[in-house]
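Order of writing sets the labels: A, B and C. Residues in every chain begin at 1.
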Amino acid sequence: MKPIFMTYTKNDIKNFVVLMTLGFIIIPNFISSEYWFTSILIPWLCLALATIGQQIVMGYTGQLALGAAGFMAAGAFACFNLVLRVPGIPFFGALIVSGLIAAALGILFGLPSLRVRGIYLMVATLASQFFIIWMIDKFGWFKNYDSSGIITAQDIVIFGKSFTSPIAMYMVILVVVTFLTLLAMNMARGSTGRNWMAVRDMDIAAESMGVSLLKTKLQAFAISAFYCGVAGALLAFCYLKSLEPVAFDIKLSFKVLFMCILGGLGTINGAFIGAAFILLFPVLLNAVGNNVFHGAIDATIISSVEQIVFGVLMIVFMIYEPLGMAKLWENIKQKISSKISKK
Amino acid sequence: MISELLFFMEVLVAGLLAGTMYSLVALGFVLIYKASSTFNFAQGAMVFFAVLTFVGFMELGMPFVIAFIVTCLLMVVVGLSTERFVLRPLMNQSEDTLLMATIGLGYVLEGLAQAVWGVEVRRLDLGIGDFPIPWIADNLKLFISALDLTAGIVSAIMILGLTLLFKYTKIGLGLRAVADDPGAASSVGIPLKHIMLLVWSAAGVVALVAGCMWGARAGVQFALVDLALKALPVLIIGGFSSIPGAIVGGLIIGASEKILEVYIGPFFGGGIEGWAPYVLAIFFLLYRPEGLFGEKIIRRV
Amino acid sequence: MTDDRKFSIGDPILEVKNISLSFGGVKAITDTSFNVLEHEIRAIIGPNGAGKSSMLNCINGIYKPQEGTVIYKNEVLEKITPNLIAQKGISRTFQNLALFKRMSVLDNILVGRKLHTKSNFLEVAFQLPKAKKEEEMNTAKCEEIVKFLEIEEIKNTPVGKLPYGLQKKVELGRALATEPTVLLLDEPMAGMNVEEKREMCRFILKVNDEIGTTIVLIEHDMGVVMDISDRVVVLDYGKIIGDGPPDEIRANQTVIDAYLGVAHD
């Protein structure tokens, strides 16, 4: 399929139009319940963005990095401080700078990838996770010396207008996520993505073809951290509202990891699929618990079941479909279209 | 001056002994890595699952020894299931794939433990108190916890035993063969499945012992799972495939953690033991990635 | 072998001097020197384990020899990494295949265009005209290579799914995409049947003839070596036991002994 516009084929453009219509027109006008925006759509988009970051460093470049939450925290607190201390800074500008700060940290903590791989690299990236959170916690400056320990993210103001209602925040996030996703797709499909994947699949051969492992790996870490940073800022400003470093703990890094892997390593839509699944499954479980068992099941049992299911799914996918739900989705689409064409 | 030195000794000894607790957890990782070159991310969950089950059985009325034995048997069952449902299907996959699968396994064990036994923190009374031994305090003027000392002795015994097992018995030889080349090992008749089962069950029992030690000190709670993460710097420094490395790595991490916390921590407002071991590990990674006792990794093109 | 070549054989373009390489206690290569003349096809032959692949790895920077130097275009190479060597114009294939398994044939070959891709990630992300144009140009060049190697049908297949022989072709294509001055081929015909070998020979000769690429070729098939190479160097136990035109080598008793396994000091 030949690309028509940028790296997009006719199919892509069709899908894009459908998704944009759904996202910008249908959903805002037909979904009235705020719950859908505050508890589902907003966190889904933010986490999917962070998962795109994880896809870039792990799915495409094959680096076992486990520090997503640390970079999200960096982005969140950077954005908070920028809006706080730089009067009149445009929100999108603050987002970009927050992302760049996270990217710089990404390069720093990505340096071990030049020497080690696999579990060793995972350990090194865990260090970044712990260190960043510790630093934010320890140095009161980041939290504006707030003695209460609870800092609240400011309202989003763009061109003088406040975007505080769930729908408004949803729209802001949708714009940012759409834009960054398109950029990510272009990179993944272009020479940038090929260099990443070459490093993942056979780094010695990549080097022998002139790919610089140093530049490519650090670039992947930087871009990945940028995406996580922006995602963290959006999550803080639109979902968490109160900024606590503990919200960006290692559990969040693992969550993003699961979204990336279950969704499908090395795909952009895998990020969205994985995030949707990890986010929606607990909602589903809760609904089942409440409606089918009439609330008789303990909340801890439900969260335990959640954990068991995620764990089992991880194992099952590793055995049967390492390319994740995105591949499953492809297979289903193919089966459907071949059934249709048979008729 | 003497009191400063004594204080340093106390800190050092406390650190070393705390380090042996880390070693116990690390030991489980090493066993599995030695036999399958796989990093078992689920080891922390196994520690949690084992000790929680043990305590749970005792709560149900089982006597200490029976509960211990039953839990050991249960860990063997865990080993069996893991070998059958996780390892065998993934026999020839990349190490990254196996790593992800063990992450999944960890989640399953954590979820199971909590579903069956609930989330309350439990006390574990081993009959050994976590307070200074009077004899040592009086004669050497050092305050060393009885629990720490017990943990140190238990670790030493386990590590000695396992080292001897690996080096001098037929089983140990078989294990090393399997770790090196499963295909070749099975073609000379070494029963892969039995070896894997043995190793995972051993790791399970080690997990139980480690869990008991930690549970006695800090209570049996979910935070135990994060212990696994603490074991990682130990493994990097000691080498993933070395049993003596687990104790040396544990000692180094334990000691440096305590010393850094007491002497350097105050400059940073404390809390550096969260990441200091990792930074130490990173330096090791850069200069000696295989750890002090591990095997050098050679890639052939 | 015809003598009216488009690119007549010139001066030494690549030279290895006194290379010694050991792994632990095992000496893979001992004090070995030979050169490669510009535009020639230089074969490296020898029994298994003779150190042939290790020699290529030393040239392209994957192994660092304990002693010796590599001289390229009369310049002693101080720092040798695969990256730098590629930039200098030396490209290669691998004995055990080193393709990017999850990428398609075309994408694999496109990676070979890295040296001819100047746009940075931002230009790619925003699909600025510079990046677009480069991508079009590189894709066109790779399509040419695909056509040349007669693998158009499989160009979008993930290489992991292809049979061995086709994978070997793709690897050649990837190396060709870098537009190398010197091409190191490590057993490019291993595991191929007679037809496939003939085809590969045709490709190699064409590349050497029409573009003038200097070829260094590790090969086991004596027929191929005699047919297409200009000069041959023979390695055994990491040492050179023969160096000259194919006919000379064929008649060299030491070489024959080495292959027949006759014990010698």
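We adopt the following convention: a residue touches a chain if its C-beta (ideal position, glycine included) is under 8 Å from a C-beta of that chain, and two chains touch if they have at least 3 such contacts.
Just so you know, these numbers come straight off a predicted model, no measurement behind them.
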Contact-richer chain pair (by C-beta pairs counted) among A-B and A-C: A-B
Remotest chain, subunit B as reference, centres from CA atoms: C
Whole-Å gap between the CA centroids of subunit B and subunit C: 48
Distance between chain centroids, defined by C-alpha means - subunit A, subunit B (Å): 32
Centre-of-Cα separation between subunit C and subunit A, whole angstrom: 42
Per-residue multi-chain contacts in subunit C, two or more chains: 62, 94, 98
Junction residues of subunit B - those touching two or more other chains: 301
Subunit A: positions in contact with at least two other chains: 204
Touch list for subunit A against partner subunit B, complex: 62, 64, 112, 115-116, 118-120, 122-124, 126-127, 130-131, 134, 137-138, 204, 250, 254, 257, 261, 300-301, 303-315, 318-319, 322
In the complex, subunit C residues that touch subunit A: 60, 62, 81-83, 85-87, 91-92, 94, 98-103, 107, 110-115, 117, 119, 121, 124-127, 131-132, 134-135, 138, 174-175, 177-178
List of subunit A residues in touch with subunit C within their complex: 6-7, 183-184, 186-187, 190-192, 194-195, 197-198, 200-202, 204-213, 219, 223, 266
Subunit B to subunit A touching residues, read off their complex: 39, 85-86, 89-90, 93, 95-101, 103-112, 114-115, 118-119, 226, 229, 232-233, 236, 240, 268-269, 271-272, 274-275, 278-279, 281-282, 285-286, 289, 299, 301
